[in-house]
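A, B, C, D, E and F are the chain letters, set down in written order, and residue numbers restart from 1 in every chain.
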Amino acid sequence: MGIQFSNAERAEVLVQALPYIKRYRGKIVVVKYGGNAMTDDALKQQVMEDIVLLRLVGVKVVLVHGGGPEISELMDKLGKHPEFIDGLRVTDKDTVDIVQMVLAGKINKTLVNLIEAKGGRAVGLSGIDGRMIEAKMKDPRLGYVGEITKVRVSPILDLLEKDYVPVISTVACDRDGNTYNINGDTAAAHLAGALAAERLILMTDIAGILRDRNDPSTLIRELTVKNAENLHREGVISGGMIPKVECCVQALRQGVKNTVIMDGRKPHSILMELLTDEGAGTLIVNG
Amino acid sequence: MGIQFSNAERAEVLVQALPYIKRYRGKIVVVKYGGNAMTDDALKQQVMEDIVLLRLVGVKVVLVHGGGPEISELMDKLGKHPEFIDGLRVTDKDTVDIVQMVLAGKINKTLVNLIEAKGGRAVGLSGIDGRMIEAKMKDPRLGYVGEITKVRVSPILDLLEKDYVPVISTVACDRDGNTYNINGDTAAAHLAGALAAERLILMTDIAGILRDRNDPSTLIRELTVKNAENLHREGVISGGMIPKVECCVQALRQGVKNTVIMDGRKPHSILMELLTDEGAGTLIVNG
Amino acid sequence: MGIQFSNAERAEVLVQALPYIKRYRGKIVVVKYGGNAMTDDALKQQVMEDIVLLRLVGVKVVLVHGGGPEISELMDKLGKHPEFIDGLRVTDKDTVDIVQMVLAGKINKTLVNLIEAKGGRAVGLSGIDGRMIEAKMKDPRLGYVGEITKVRVSPILDLLEKDYVPVISTVACDRDGNTYNINGDTAAAHLAGALAAERLILMTDIAGILRDRNDPSTLIRELTVKNAENLHREGVISGGMIPKVECCVQALRQGVKNTVIMDGRKPHSILMELLTDEGAGTLIVNG
Amino acid sequence: MGIQFSNAERAEVLVQALPYIKRYRGKIVVVKYGGNAMTDDALKQQVMEDIVLLRLVGVKVVLVHGGGPEISELMDKLGKHPEFIDGLRVTDKDTVDIVQMVLAGKINKTLVNLIEAKGGRAVGLSGIDGRMIEAKMKDPRLGYVGEITKVRVSPILDLLEKDYVPVISTVACDRDGNTYNINGDTAAAHLAGALAAERLILMTDIAGILRDRNDPSTLIRELTVKNAENLHREGVISGGMIPKVECCVQALRQGVKNTVIMDGRKPHSILMELLTDEGAGTLIVNG
Amino acid sequence: MGIQFSNAERAEVLVQALPYIKRYRGKIVVVKYGGNAMTDDALKQQVMEDIVLLRLVGVKVVLVHGGGPEISELMDKLGKHPEFIDGLRVTDKDTVDIVQMVLAGKINKTLVNLIEAKGGRAVGLSGIDGRMIEAKMKDPRLGYVGEITKVRVSPILDLLEKDYVPVISTVACDRDGNTYNINGDTAAAHLAGALAAERLILMTDIAGILRDRNDPSTLIRELTVKNAENLHREGVISGGMIPKVECCVQALRQGVKNTVIMDGRKPHSILMELLTDEGAGTLIVNG
Amino acid sequence: MGIQFSNAERAEVLVQALPYIKRYRGKIVVVKYGGNAMTDDALKQQVMEDIVLLRLVGVKVVLVHGGGPEISELMDKLGKHPEFIDGLRVTDKDTVDIVQMVLAGKINKTLVNLIEAKGGRAVGLSGIDGRMIEAKMKDPRLGYVGEITKVRVSPILDLLEKDYVPVISTVACDRDGNTYNINGDTAAAHLAGALAAERLILMTDIAGILRDRNDPSTLIRELTVKNAENLHREGVISGGMIPKVECCVQALRQGVKNTVIMDGRKPHSILMELLTDEGAGTLIVNG
């Protein structure tokens, strides 16, 4: 990036970040990473830089990731054709193996590798390790689609204590050795709740919650749980935004301080969200 | 298994295991898992039972795994055709992605899941996590085939301290974010050395080192490094056995107490090796 | 010990002990040691082996002992003639000195020595050390027969943390420097309660609680506190069994998980009780 | 502070500070504070902001201060007239009392108060507390002018561990209860040496070491100890710069990684020195 | 020190102090130091000896000091003339600077130096350090006279844990960087309360609470809070004794075990108070 | 005890003990207890008081005891007649049982009880516990008379850390479960060496080393190892004093700071030795 700052300007900017750093220092922030920020390589590099910086200034970032597009891609290559029941994808044994392989093997380790290449220290785990996320079958017709039944976060806390960035793949296990595909936002919300996180950030590919879906200038910057319910009834919150808002509400109920549905398409959006006065997206808080 | 013992007999057997348990209690044992013990499902279940039991009686087992056959299988399915230079497989970027995915995603998490289903507690990591295994390119013509340059075992020690069985996939990283395929036995030997392990166990599909390759009754039960060199010269140690013996010798030089090339085809071979007077395979010791 | 097992059989037995080891690992088990198991030398050796093995697999065994026959023997040799009031032995100053000497000096140190000779690590203490067991006089006419008023278990917890087997003599003290003879079963029950033990084992010289005293095949394998009260009323629990059952009930009320009146005449009875599905004697549980 | 940055620019600047933060994180930096940066109120506020920010991003700053002008001012008000022997100020008992009072009472606590008002956490100590700086009389004719004989830094390490900024007044004590006035730069160098600091920063009111004293563009940005000796011989390092350079050389010999004679007149000079690529003043390193 | 004791007598005296040492060992005793014991040099030396001895035998002494006479003296020398409103001294910015300088710079460090010269280890702090004592303005007309709003004792606890005697100057701060002059007895009472001290000792220049103010033989040796209230109504407690008794009552309410208004004019009065059966002054206890 | 001191005198005495307390605080002092101080009840009470006081002021006292007279007494009562070979007592199995019983059971627990009755905290161990003292047979004709082969002091260090006074019986064990009678002074010297004690005190029933055995006024107050050798050659050190001096010399060689052969017949001799300027007996130091 071609921007040139004098060193005095740099110092000035750093000093202005001070109150934000103070606010998040030593606090846990769970980031559900996905969308463009994961597929666009430049954005991906910036997200990793942001995470390394936040860790350095003392923020305990936990990176949670899914990986829909890469799963579909590998299924395609392997000639697996998706089946649907009532609009939901059937996940047979082979499919869940592919999910596990792509999430815990490909994406997870690639993210860990990137964070380390940026100078950070990371360790990647899945919901299977240390039985962090236990699930049961949601609906036998859907196969290995899991509903979370229990969350254990002690391996994450151990890693945070040793100064690693924990990178978590959203697959789950049960006591019989099965693996389940689970929804990434839901998993992030459960983990944030169990970690009593200061903030849960859900990255998306839209500007946030818009009063008029076609006009980005109608972005709602802050919302209480109560307002959210009203907006849902009014139809302002609709479609794919509904489950995201539900995740936020659930996390807030489990003790997360506040939650953000963040526009992941902006460069350094996480840093801007946490260390400046602007934020990026819609903040949802208790009330 | 249909064997029936009286409880008095059971007690007797347990008491007879006492000196062996005492010997390995609190000690680190690195097991390089592979071969039939990994492909035969009954054997796989028994290995996991052995590991859970050993952990319970205080042995700090570290399970290191590769996964050749499953890698080849997925490559096949994806239509990748192996190329060779001087008999060594060329590992391009796509291939190393497949290796990472199968080892760190599929096999690693499946083993973790199995250990947990047997009642143990496990966490799976790869050489990328916490930059545990750093490597460089061996030969540019071979692509991402790595030669180990540095090993960091603190994440393994942290897991052992928290009573988890660490399950380690043998892929490595460098400082630029690349992944390398590395030889599993070599990785296990390096880790055992850095962990100052009490014992390194390399599982194979033969009875051990045989004086007469066609006669299992000529099994050499114990060997010094010096004897091993002589047997190499004499041609008794040959073919695929040569690099395995070299791994043992190198581990011994780095401070591992002793090493075993073990017949993984026998049921409960690890338990027999560690907790009875018989052992299974060939023990190689300093001297 | 003529039994011969193949190593495969041994491995099988060890694996079958796994769920039991898991259950007791890290838990405190208080064993009140006495009767034939203490006077028969072969049984004594086996009890010590059992304890060393249990400690090795992670069970925190606390060995509590009395020593009636040896006390009487020394009194005899010293020409002391027992006096009785209402059937209870009068314990004058000289007698309590003999009790202290035999329990804390002879038996305690001999047991410690034996455990160490079997490869364990042990430290012997009495109720006087660290004022672990404080008592007051029960009845002035009986002299130094004590009733427990306070129990302090921190020295036992310190020893367990350092991996020693604590061996405890059942003599007590008061704040004026007096020593008291106390009932061994009662002391074991108090200690088990204060330690929140997983299990209290009282060793005896009968098979357990029998519905028909003359027919060992009428052994009651499990009993609730409520059942025990009924059996007492019915006269099934009678004589010397009454105070033993009372000790168990009291320990259960103080938070001990369950209690066993165990037949100490069987070889390796402790191991069979804890690590097999059979048990040895009568289990008494809450309810 | 009229500069306006967009949040994207802010994020960019923060990311660019990453390698510098990484370098100094967890490291001890001793800042000898004085000159204009101490008398000019705007600069003083900025120094305190810099220190609070550095502490937040993990740099262990130790602030060492003298206070010449305020001492002279109070002496004046109290009608004390300075006496000199061979150009050195005679420090009688009354004078050293004033020094102690101004440094440890006025300046020290005012700095602590300021750091706390900026949102940091600070504790102020003097060389008397915990006998951190022991001294002896340099020359009886000069009175209580001290020469450092011993340095104890454990109280500073305790404060750093508890996340406080230690603020240290440069007065010393002896074993008879006397107080000594000591040179601030020398004290800072001794403390930095004993703390094995990563960097010692001596603030001054000039640009650094200039090849041509009248031309700021001749600033020497980096210097080895050897070069410094040559420049001294050549007369480039002269006057008040000589003892400052000597302090740096001594600190380097005691194990401080590198030292800076910094221009304290620039806004946020400490931040620029540590967190940008420019630095402010002359860096002196071993070699 | 002309008294001569035989060594046997010395041993006897030491043994007789045993129950008192046992009582205060490991307990926190807050001593508000002032009056003659601070201005008379021989008494001052003895107080410091007492404190060093008490620390050595395990009593956790916290020394709190004011310094009225020295403040007045310096104000005089600087030509500042006290102003009063309703009998209370007006404390302008200059005056509070003088207070801070004398208390935190002169007296505090001189006491630390003395304790260390007697062989103890001490560290001096003020209410500003670590924001230990926060205050707000009592009455704008009086200027920087503070009313305590919050007390933080963690720096004192850290020093006690490291075996230092904490010496505390009674100045306070607010969140804007202002310093306040606060009443020494009140500060000591607040600190004692927050420290859950075993005893608060307020040193004065009278024998204690006298029934007849002119007759020292009417000293009241012990008093409950209830009695104190009655004596106040009866006019026995009057004048300067009223606020002292109020401090004691407040400390008792905050959990201090007991409080003493002690005659600081007697040699070694603290030692006599704590380590003999006599005490020195009036003990006030709950009830 | 009729001595009456004023409280001012008491305070004075306590203050005078200050430098001695400082010297021994946190240091380990091993006291070999025996002779009149053990048989005379008044002296015994005083020794226990001394030990409790020393522990309270921070001296880490380890009490080591033998018990010759009580062993002989019980042997007598049991009709055992001592046999001698070359002047050394033959210790058969029965005799060593008696030794173990009297030392570890009677004397040890009685001392622990006494210390606790004086307000101290004590735990009694023998050389068998934790295999603290291992020995082998000195001469088969003598039976179970042991020569020390190994000393393990970690149980003593654990007790000191938890603030208990360790009370140690001088019996030893071997790896086969045998008990040995060992010389008490030798055992104390070995333990002091392994503990790197500040001081070893051997209590005796004479004034110390006398130049003229019949004239107590010829007591030698201090001696170097070299002087001791000369005095031995000159015959001044003779008889029972020879092995005691040898124990001291050996302890000094193993790193004990200094050693004392102390007159145990004086009241509070330990306190006088450690906390006054006089001492009691002969000090032997390196040189």
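By our rule, contacts are C-beta pairs under 8 Å (C-beta built on N, C-alpha and C of every residue); 3 or more make two chains touch, one makes a residue touch a chain.
If you're wondering where the values come from, they're calculated on a predicted model, not measured in any experiment.
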Most widely separated chain from chain A, with each centre as the mean of CA atoms: F
Furthest chain, CA centroid comparison against chain D: C
Centre-of-Cα separation between chain E and chain A, whole angstrom: 56
For chain E paired with chain F, centre-to-centre distance based on mean C-alpha positions, whole Å: 45
Whole-Å gap separating chain C and chain F, where each centre is the average of the chain's CA atoms: 35
Multi-chain contact residues (two or more partners), chain F: none
Chain contact graph, described as a line, ring, star, complete graph or other shape: ring
Starting from chain A, with chain B taken as the next chain, the full ring order: A, B, C, F, E, D
Chain B residues touching chain A - in the complex, by the definition given at the top: 77-78, 97, 100-106, 108-110, 112-114, 116-117, 121-126, 128-131, 154-155, 158, 162, 164, 171, 173, 175-179
Chain A-touching residues of chain D, taken from the complex the two chains share: 1, 3, 5, 7-19, 21-22, 25, 46, 49-50, 52-53, 56-58, 119, 266-268, 271-272, 275-278
